[in-house]
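Each of the next two complexes has subunit A plus one other chain: subunit B in the first, subunit C in the second.
Let's turn to the complex of A and B:
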């Protein structure tokens, strides 16, 4: 008999029928009676003091109902990190500018009018007087000693510095037989969800505001909106309807969320704001572009002894996740290999560009490109098989790393073996004709951040409540945010398995700050372990309450009961059973109260703790995923074009609650990293974005994508629900270096600057041929 | 100056007064109340607004509502019949071809136009048929699979 009846199954998402029929209502699909349309006035200069904003002509335009500026919001800025001690408390963004603008696209004013055309016309009537300041478009310019400060609170244009030293690298390098040093760079890319940001705000006469937002973090938004409006949090209700993708950028409380509420309060009518695609490109959070200097010391047998890593990140105009981004770029280098000793300095610099925040694979993508490419160089130089060097240095289950990560389960070796087998490594590596090659790269990732970045005293990291209904159905309330990854279905599967009922017996009510328990949101690949963990506990607690009643009804011992097939049985005596529906009725009759349960997930005691991002010795997550991508490419030496034929992507997700969903995460996440490797590049000219649409910004289409073979590895984790770990961000971290390494196998050039364009390939080939 | 326009959507007639510059997408969503067709870029670059007009996949954000007069417009809302999903819809559900779902209506409408014209497309033809529909969630793998299964 199969061990499980609901989990481990390829079940369709709960919301799939709504999504194939057009029934699913996203934030932009809400039309409320009397609703106005809001638009945002954005800066047309990259850096300036605002001398005056004259909104009088806009206010007089017929059809305009409200105009808002920085004067209409409180003096509390926002940013992703709210609960950290100094110097990591770095909130620096106002929804509407106060005194200064810092990039082209920075928000200055907002208008609500009876229709979009009128709102657009009103924007043209707002007159802003600027005193322009020198603007900086690269960290180098911005860090010049005589540079004007972009933010007054910072002593220079350095936004944040995170540095730590684990072990003793002086000794590590002294013990190394070889030291490899190299420089790398990566570009700004965009999250590029298909649904642009949308907000509908309805501020009532009683002083309450309800918002429907396309967000990953409704509870954070609630706080930011309350603080921006200067009203109690209890007056703000944020509802997250279906969201059309987020990929990290929707963890920001972007201006439309607060501005729609401010405008609705002023106008006394509901206000909708939807960002145009151009606004998405110019004014929402991007992935950090970085330049890197990296040094690795190794013994001649391949053992890594020391790593010295310096990251320079272009942060754009505001902090956003800043300290976390820079922390992760360092700390997530401590796996899947033991680094011996490790030193890191991450410097994030303000520039007059759209700000950088968290994007899928946050902080892991950039260092992984560097490390895995260097691992390839090292293995070649030392004449050690690239598979072997990745195995011999690997962390192991049960081990604690120098960064204090406790490795509870580790499918690194299995993922590596399966990925290379799938690509046919033995017959292909160094054996394919010139222009064809295979490459591999391994990775690991956190299953959720074990810090409360935002709240000082949250009730828990994730809470779930379950109501029992008399027809044997259950309603599960969760604050987690399904942004497309399918987490509502995952949580429902977990609860159904625990309760012994089918998936169709679970309804999910999610992400409504007024009705669902607090959850921190969808980021850091946290939902399966944290939200799923809470769902499992809540379902178990419900089951125990049912067992108390059923034990009486069946005249049995509670410990002898089991729940399956929608009934409660006495183990080993199948004829003694009672339906769950009848047990619920029995509960009501006996207890005279509603039957509810709750569950809260908090990381175990050996995880998290004080958020000292400067120490680097802290277990950031309950558990870690592992994986390897093996990739085959063709490189056209005439045109420089790289054609990726296949990516074998093995991912250790602990246990696949829904294998179809895990495959979907692997396949989909690679669309982004395949794009970052070869196609996607957010480009600017003097602070103006020149990639403002999907026509200029090249994202992979169905015709561009290589064949992806997802391979699920299950290491059955001791902490995650039913052994599950993350499968959403880690799934794409190895793609870029696996492509770069395959290019090296194909034509013998090391690509160290992203994206890898045909021009760069041809230049590198010329250099290589010229050197001969 | 608003103009009265009659549109035939999913077999039913809708009469509404619109400014002549309104796109079919805007009129479907705002005047007729069918929000299944999505606006992802308003520039004809993402395909989320794809509908079928007289058998052809068309970008509703680049089509004036006035141009669609007298034509048969099919939107995602018109595919399921008598409470039964269209085979494409059912296969998208069963094969996990949906994640965030925002591109889904447009992809399904492109696939429908493709299959109506070419009931047995090759995988290459399927990929070409939906190449105007961007998806950031699925990598297109399960979408292509769902369309292939439908065509079998």
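Let's turn to the complex of A and C:
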């Protein structure tokens, strides 16, 4: 008999019909009576003091109902890191500029009018007097000795420095037979969700405000909105309807969220703001572009002894995730290999550009590109098989790394073996004709951050409540945010399995700060382990309450009961059973109260602790995922064109609650990093965003995508619910280096600068062959 | 982004198009709308009148007769052209070019008349109203005094990138233009283009393209269009090249070679054609023709694509398109 009846099954998502038929209502779909339309006035200069904002003409325009500026908001700025002991300056962004603008696109004023056209017209009537300041568009320019400060607190325009040293690298390098050193760079990319940001705010006469937001973090938004408006948090209700992708950028409380509420308060009417695609490009959070200097010391046999890495990140105008981004870029180098000893310096620099924040594969994409490419170089120089060098240095289950990560489960070796087998490595590597090649790369990723970056005293990291209904159905309330990854279905499957009912018996109410328990949101690949963990506990608690009643009804011992097929049975006596619906009625009759349960997930004691991002020795996550991508490419040596034929993507997700969802995550996430590897190139010129649409920003289309073979590896984790780990960010971390390494196998050039465009390949080929 | 306000007009026949164009100043024609609607949303074009010509069935024809050749109404869709049997067989380069435009959805809407009339594009111009109005200076295309593509340029350097024109040039197509008086004028498609980025074709506000005609190529003629773009779909070419080769008695009797996405218009490369004509085609000769193409083109950089790379690509694409055409022509 199969062990499970609901989990481990390829089940369609609960929201699939609604989404496919267009029935799902996103934030932008909400219309309220009397609703106004809002627009944001943005800076047209990259760096300036604001001398004066004259809104008088805009206010007089017929149809305009409210104009807001920095004067209409509180003096509390926002940023992703809010909890103590984080220094104040990590929160450095006002929704509407107070004294300065710091990039072209920075928000200055907001207008609400009877329609969008009138609001746009009003923007043209607002006069802003600037005193322009020198502007800087690269970390090098920003850090020049004579550069003016973009933020008063930031000397040399350094936004944050994270550095740590694990073990002794001097000794590590001394013990190394070879030291490899190289420089790399990666580009700014955009998260590129299909649904642009949208907000509808309704500030009522009673002083409460309700918002429908396209967000990953409704609770954080609630706090930021309350602080910006200067009202108690409990007066703000954020509802997260279906979201059309977030990929990290929707963890920001972007200006439309606060501005819609400010305008609604001023106008006394609901206000809707939807960002244009252009605004998404010019003014929302991007992935950090970095330049890297990396040094790896190895023994002759391939053992890694020491790593010294320096990361310079272009942070743009504001801090956003800043310290977390820089911390992860360092700490997530400590796997899937043991690094011997490790030193890291991550410097994030302010520039007059759109700010960089957290984007899928946050902080892991950049160092993984570097390390896996270098592993390939090292294995070649030492004449060790690239598979072997990865295996010999691999971290293993049960081990604690020098960074103090506790590895509870590890399917890396299995993932590696399966990926290379699928790609046909043995027959292809170094054996394919010129222009064709295979490459591989491994990765690991956290299953949720075990810190509360935002709240000082949250009740728990994730909470779930369940209500029982007399028809045998359950309603599950969760604060986790399904942003398209399908987490509502995952949580429902977990609860259904625990309760012994079908998936159709679980209704999910998700992300409404007024009704669902507090949750940190969807980021750091935390939802399955944290939200799923809470769902499992809540469902178990519900089951125990049902068993209490059923034990009476069945005249049996509670410990002898089991829930399955929507009934409660006495184990081994199938004729003795009662339906769950009858048990719920029995509960009401006996207890005279509603039947509810709750569950909270908190990381175990050996994880997390005090939020010290300046320390490298801290276990950041309850558990870690692992994986390997093996990729086959064709390179056209005359044009430099790369055709990725196939990516075999093996991912250790612990246990696949829903294999179809895991496969979807693997394929979808590869689409994202495939684009970063080869195509996506966000261009700016003197602070002006040039790529403002998907015709110029080359996100991969379905025509561009290679054949992806998702391979699920299950290492059955001891911490995650039913053994599950993350499967949403780690799934794309190995893509870029696996493509770069395949290009090397095909044509013998090392690409160290992203994106790897045909032009760069042709230049590298000509350089290699001495030019034509 | 929303469309600006305009008045909508719908002519029932070709005559009415002319009279509406004459009557209403500041009017534009709309067919597939795939090019014009984004421009209207960006307020690059804000016409008072939009004349929808898509109800005129006459203009949708794709007709082929051995004696008459191929006639394409200006409203023939790119999708229909790319799938038309005679076009695929006799005018292969055109079928290939039409089939590589944008995406299936856009090819269903987009027309051949629209594709040949596409204006040049530029990252400093094809932007929203909000973006453009914030810039401190206007470029030539917006009536200003400079070009941002190349400092010091005395002229607009926006890039012409349409796919079908090089194929049509290589195949020797002719365009029928109806003018203000209703009189038809037939010109070679090469002469349709001004080679000026600010206004790439010769159409006057009261003109419209009625149809395109291509004579049946002589026996032994084959053609090919090759495009390289960053993406496989929804992308303009980094470079595109079309070759039409007639081989008879082992020798090249006639050759048409043209490229796109290198400058202010589609460019016919007579220098490359001349290398081939009268000679028996060998790999070496094809290399020479490709070299001639390389020498002739002076591409403009565009976004992240350098002039250096475009020029390299032209050599490769011209070579490959000739080879592919010849491999079928023999």
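Some notes on this structure:
We take it that the second predicted complex is superposed on the first by the 765 of 772 C-alpha atoms of A that agree within 3 Å, B and C clash if a C-alpha of one lies under 4 Å from a C-alpha of the other, contacts with A are read in each partner's own complex, and residues count from 1 in each chain.
Convention: contacts are C-beta pairs under 8 Å (C-beta built on N, C-alpha and C of every residue); 3 or more make two chains touch, one makes a residue touch a chain.
Owing to the predicted nature of the structure, the values given are computational and were not obtained by experimental measurement.
Legend: residue contacts after superposition of the two complexes on their common chain; A:29 is shown touching subunit B, with no touch to subunit C.
Residue contacts after overlaying the shared chain place A:641 against subunit C, while subunit B stays out of touching range.
Contacts of A:276 after superposition: both subunit B and subunit C are touched.
In the superposed pair of complexes, A:574 makes contact with neither subunit B nor subunit C. Within the superposed three-chain arrangement, the count of touched residues of subunit A is higher for B, of the candidates subunit B and subunit C. In the superposition on chain A, contact of A:196 is made with subunit B only, not with subunit C. In the superposition on chain A, A:433 makes contact with neither subunit B nor subunit C. In the superposition on chain A, contact of A:13 is made with subunit B only, not with subunit C. After overlaying the two complexes on the shared chain, residue contacts for A:762 are found with subunit C alone; subunit B is out of touch. Contacts of A:670 after superposition on the shared chain: subunit B is touched, whereas subunit C is not. Looking at subunit A, you'll find residues 276, 694-695, 701-703 touch subunit B in one structure and subunit C in the other. Listing the residues of subunit B that touch subunit A in their complex gives 29-30, 33-43, 45-46, 48, 75-77, 79-80, 85, 89, 92-96, 98-105, 108, 126-128, 130-144.
Here subunit A touches subunit C in the complex through residues 42, 44, 104, 116-117, 120, 123-124, 276, 278, 282, 638-641, 679, 681, 683, 688, 690-692, 694-696, 698, 700-704, 757-759, 762, going by the rule given at the top. The touching residues of subunit A, when paired with subunit B in their complex, are 10, 12-13, 15-26, 28-29, 31, 191-196, 242-245, 247, 274, 276-277, 483-486, 660-661, 663-664, 667-672, 693-695, 699, 701-703, 705, 708. By the touch rule above, subunit C contacts subunit A in their complex via residues 1-2, 103, 123, 127-128, 130-131, 133-135, 228, 230-236, 238, 303-306, 308-309, 312-313, 316.
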